[in-house]
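Take a look at the following structure, please.
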Amino acid sequence: MMTLKFVLAITTVIGCVSALQATANVARTLRANGVNPKKIPIYRGAETPLIGNDHDHEGEKWFFGADGISGRPNDFPPVEAEDFLAHVEGKHAANALVDIFKEHPNEITLVCLGPLTNIAMALKLCPMFSQWPKQVVCMGGNVYGAGNVKSYSTAEFNFSNDPEAAHIVIKELQCPVTIIPWECFLFPASESKIDFHAHLNLDTPLSKYFNTVTFSGRKKLEESGIQYAYCDEIAMATAIDPENIILEEKKLRGSVELHGSLTRGQLALDWTEVLWNEEKMTLGKFCNKRRPIRFVVKYNIPFLDEMIHKTVKKCL
Amino acid sequence: MMTLKFVLAITTVIGCVSALQATANVARTLRANGVNPKKIPIYRGAETPLIGNDHDHEGEKWFFGADGISGRPNDFPPVEAEDFLAHVEGKHAANALVDIFKEHPNEITLVCLGPLTNIAMALKLCPMFSQWPKQVVCMGGNVYGAGNVKSYSTAEFNFSNDPEAAHIVIKELQCPVTIIPWECFLFPASESKIDFHAHLNLDTPLSKYFNTVTFSGRKKLEESGIQYAYCDEIAMATAIDPENIILEEKKLRGSVELHGSLTRGQLALDWTEVLWNEEKMTLGKFCNKRRPIRFVVKYNIPFLDEMIHKTVKKCL
Amino acid sequence: MMTLKFVLAITTVIGCVSALQATANVARTLRANGVNPKKIPIYRGAETPLIGNDHDHEGEKWFFGADGISGRPNDFPPVEAEDFLAHVEGKHAANALVDIFKEHPNEITLVCLGPLTNIAMALKLCPMFSQWPKQVVCMGGNVYGAGNVKSYSTAEFNFSNDPEAAHIVIKELQCPVTIIPWECFLFPASESKIDFHAHLNLDTPLSKYFNTVTFSGRKKLEESGIQYAYCDEIAMATAIDPENIILEEKKLRGSVELHGSLTRGQLALDWTEVLWNEEKMTLGKFCNKRRPIRFVVKYNIPFLDEMIHKTVKKCL
Amino acid sequence: MMTLKFVLAITTVIGCVSALQATANVARTLRANGVNPKKIPIYRGAETPLIGNDHDHEGEKWFFGADGISGRPNDFPPVEAEDFLAHVEGKHAANALVDIFKEHPNEITLVCLGPLTNIAMALKLCPMFSQWPKQVVCMGGNVYGAGNVKSYSTAEFNFSNDPEAAHIVIKELQCPVTIIPWECFLFPASESKIDFHAHLNLDTPLSKYFNTVTFSGRKKLEESGIQYAYCDEIAMATAIDPENIILEEKKLRGSVELHGSLTRGQLALDWTEVLWNEEKMTLGKFCNKRRPIRFVVKYNIPFLDEMIHKTVKKCL
């Protein structure tokens, strides 16, 4: 059963590129889908993380290209100047989130594919926001302490970019939260038999566009003998059709580490609950402050691949 | 093929009990094996961790009993006053380690079953110590960020007790290092079909003794519906017969986090090497400073169980 | 020369009491001054710090009373129900700050007497905000590492309550910043000959009100043989008349420590500039990223005392 | 009254140079004093800090010269090859400290002029060591949070080089501890009228030697318009004649911060005791765990200068 019917709004945030560039990328992506960017409100959000890590984003540019989507502005659909003006002016994404969810409490799924700065700010501007999403599905963080940003860090990219925002979101959200951790990409990538690139070579506009925007990253991974597998796609598919996508899940309580020199931004999970029964746990000082998070630890790759193929062929 | 021939010496350290109590436990264990404690030198080591965590050890006493081995002094073999005097007087374990390994460089396997304070001090007293062990096999730390001490920590007990010592040992040892991480206990425990308690009910002195020393912990785990599975035994068996014990291993570089508020003592591993080929890694600023550690992620439970049974029956 | 002409708006924030309580306190204070609270817009701000320290505010209640101003609701002027509704509804203080300063760039002095959560959020909602205040005068932080919250912390109260907000504000503000550090209270308090309580016993409404709101804290300090000296008053007086108030200042670059276990929230200042001339400093990797902050290290106590007396007598 | 009669032994440690180089420097210094290096036992100690900060010591070499004493091996007295062999072989400084103080409990003053690695290791090898020194006088740390190593650190050099060792020493020593903090150098340096260089131009061997060993640092400071004032000399003089040297002291409890990103190695002191009387303090959870440390905050510069002059003239 599909639970997601349509996209109400899109917000952008600094990640591997600026929120402004992300805004333009969203507009171009809508055009690639044949959607007029003015039909879905785009709200430009945080241009800096709350605190961040002072890193130079050279690694991301090396991997994703200067614009975050391979740096091929003339490919279909060519970049247009007004892509950069496609957002609703004068309203920060954080304020937009508050306004939208306030109007539709418990009705809307929030899918997070980037750093969580805007969501954290919405929570700070309006503590009630914590109760308004129907659910949050988030690509980010990790379940087994595997990082992907640099050799001396166990943080996943989205959480690493704004650890404080991730900490706030994980701590304060009161609605159901599902996380697609980085390990969903990392661990199946080296084992799965799926050709993750098959949908990029179909003769459709979306296939061409996906081929373009994944071009840079695919090349880099291929040099290491690794496929560019699904990642954000898992989160979106989990939001749409969790019953078919999730093969195995774990419910764990946790927090985002802010203070480690190697672990800043890592999700620190409580595995002692596997050992001890609930009674002992509730004696713990803080236990009732943390709600369990649902982690997708294994997803249905063929099913997602089929969803992607249908999407790319526009027959979903 | 057996690679370990005999025990040259035993050192003790503060862990769930004081080094003095651990010394007495070792002496009693030797007696349970029919060995005169004077035949194998015992060196008493650190009575405090380098820095530690100021915790009160109430949790350990709750689980392991007041003496760390179930608090049943009258069980076979009854505690004797001179168990507490069984160590070689006047020589700290750290100095003993330096002296022993200096005399036999590259000949001796060092098996670590407790906090690493003595080993770290040996490294500090004599930097050359880092090259002297033939190999180090260590029960401690984690490979997937799972902790076992408290709800708000991702550290494993031995590393949590002296994070600085673990950091020094992991960073400075130049010999091959094999780690049996906490997940070897945690993950198979809930799935395996082995009866981990079968060897405790044989009619032999060692079976009786093992029954006694595991009594307290077994009861606690049973209350949570979990078996008291093998743990330190995996490390010792890996030192003796790695080819048969190790079913799956991972080689990962890493360091021990010292500064996290949730992750202090956790092993922070570098999974980016799974993504990037060696060339890119060696460009990294610090990469060549860290040697890969071998982690046992899956061990041969039936084989170890048979080893234990044979040991308990004294027919090894 | 007076540089401050009138109060444009007041924002409130969680500190020793909730932002809601602070809002009511501001309204009551305006009434004690004979000002209709509706004449000066009050914007209610953050009800939680960005991250904070999970402390229970029992110490503050012990010192300041349950409402933060001695808990004497029937004293002049008695608390009114509508004090709690005195703020402009529907506009968060952070959004209000952005709107107000955007309209009057480089014209308005921002005086900060509480935790800096609202200011940090304004900076995050609108990076340009960093350039809009004419100056910021802030009571908070420290210059010599002296804390006042608890035995095991070197953080001053306002910074301790929201270290991340203080970090953001100190790092990102581009306008002149003057800090009245905690040591302005701590060090002169034990030496000065001024009777800091004289203005509380005059026969005027404001004197009575000040007597009420300082009642609780004065009693606590008197038990330790210490006067309740000026604190926030120094910041306000510095904003109004810096030439007469500041006797000695130091210009130092610095940042707010976020990660210490004892120093979280402390201002970490760069004293190496006292040793090395500017040339060497600018070689430093980060030096040009930090602007010097002006610290008031000695203020004119008699002059401020006279200002206070005149204010209390309403003849300023 | 002189309390220090003779030097029983000297230990060396890695600081701005290796422990080996420090050993040679000590031997040369003894020779400059006309003392046969074999008459005073030198124990070579730690060649690495417990954890340290991975820094490259380029700054120290820039300031102190390659050998830590200006790099002028041919000046009086010329370096001799056997200076590097002057230490008692086979006994680590930490073991030597344990042995010496064990034999003379409560009789010997321990003067610390470098990183505290050896002392920390002695405490770890033998917890009783904490009670054996008559007193410890230590040049290192700070009282007002002023650092001297780099722009983004509030740690003083000796504590910065081995924060964990400083933490252990400050926490565990049970005997009276006097600290000469970095501010004793920093704050008077810019104000005092003393010519700190006068004793370097006398026609005596020691004057010549002091001129040599301070040459490099003096030049660097002169370029910034600052005199090379006394530093380690204050600690030694305080050990010899505290009544005349100490003009002002503060007794404060504290700990060494290990986990800050800006404050790692800083002494974090408890100034709340200035506010609250002892009764309230002892209610605090940890208060009785920390003994007050005596900080010299103002010393008698002319008196020390005269001591130095007499020493240089060998008429003390």
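By written order: A, B, C and D. Residues from 1 in each chain.
Operating definition for what follows: a residue touches a chain if its C-beta (ideal position, glycine included) is under 8 Å from a C-beta of that chain, and two chains touch if they have at least 3 such contacts.
Just so it is clear, the model here is predicted, and its values are computed rather than measured.
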item: Shared interface numbering between chain B and chain A [over half = same, under half = different]; value: same
item: Farthest-lying chain, centroid of Cα atoms versus that of chain B; value: C
item: Inter-centroid spacing, chain D versus chain B (mean Cα positions, whole Å); value: 39
item: Between chain A and chain D, centroid-to-centroid distance (C-alpha), Å; value: 53
item: Shared interface positions of chain D, touching two or more other chains; value: 258-259, 261
item: Chain contact graph, described as a line, ring, star, complete graph or other shape; value: ring
item: Chain C contact footprint on chain A (complex, rising order); value: 46-48, 50-51, 92, 94-95, 117, 121, 124-127, 164, 167-168, 258-259
item: Chain D contact footprint on chain C (complex, rising order); value: 142, 144-154, 186, 190, 221, 223-226, 253, 255, 257-264, 266, 268-277, 280-281, 284, 286-287
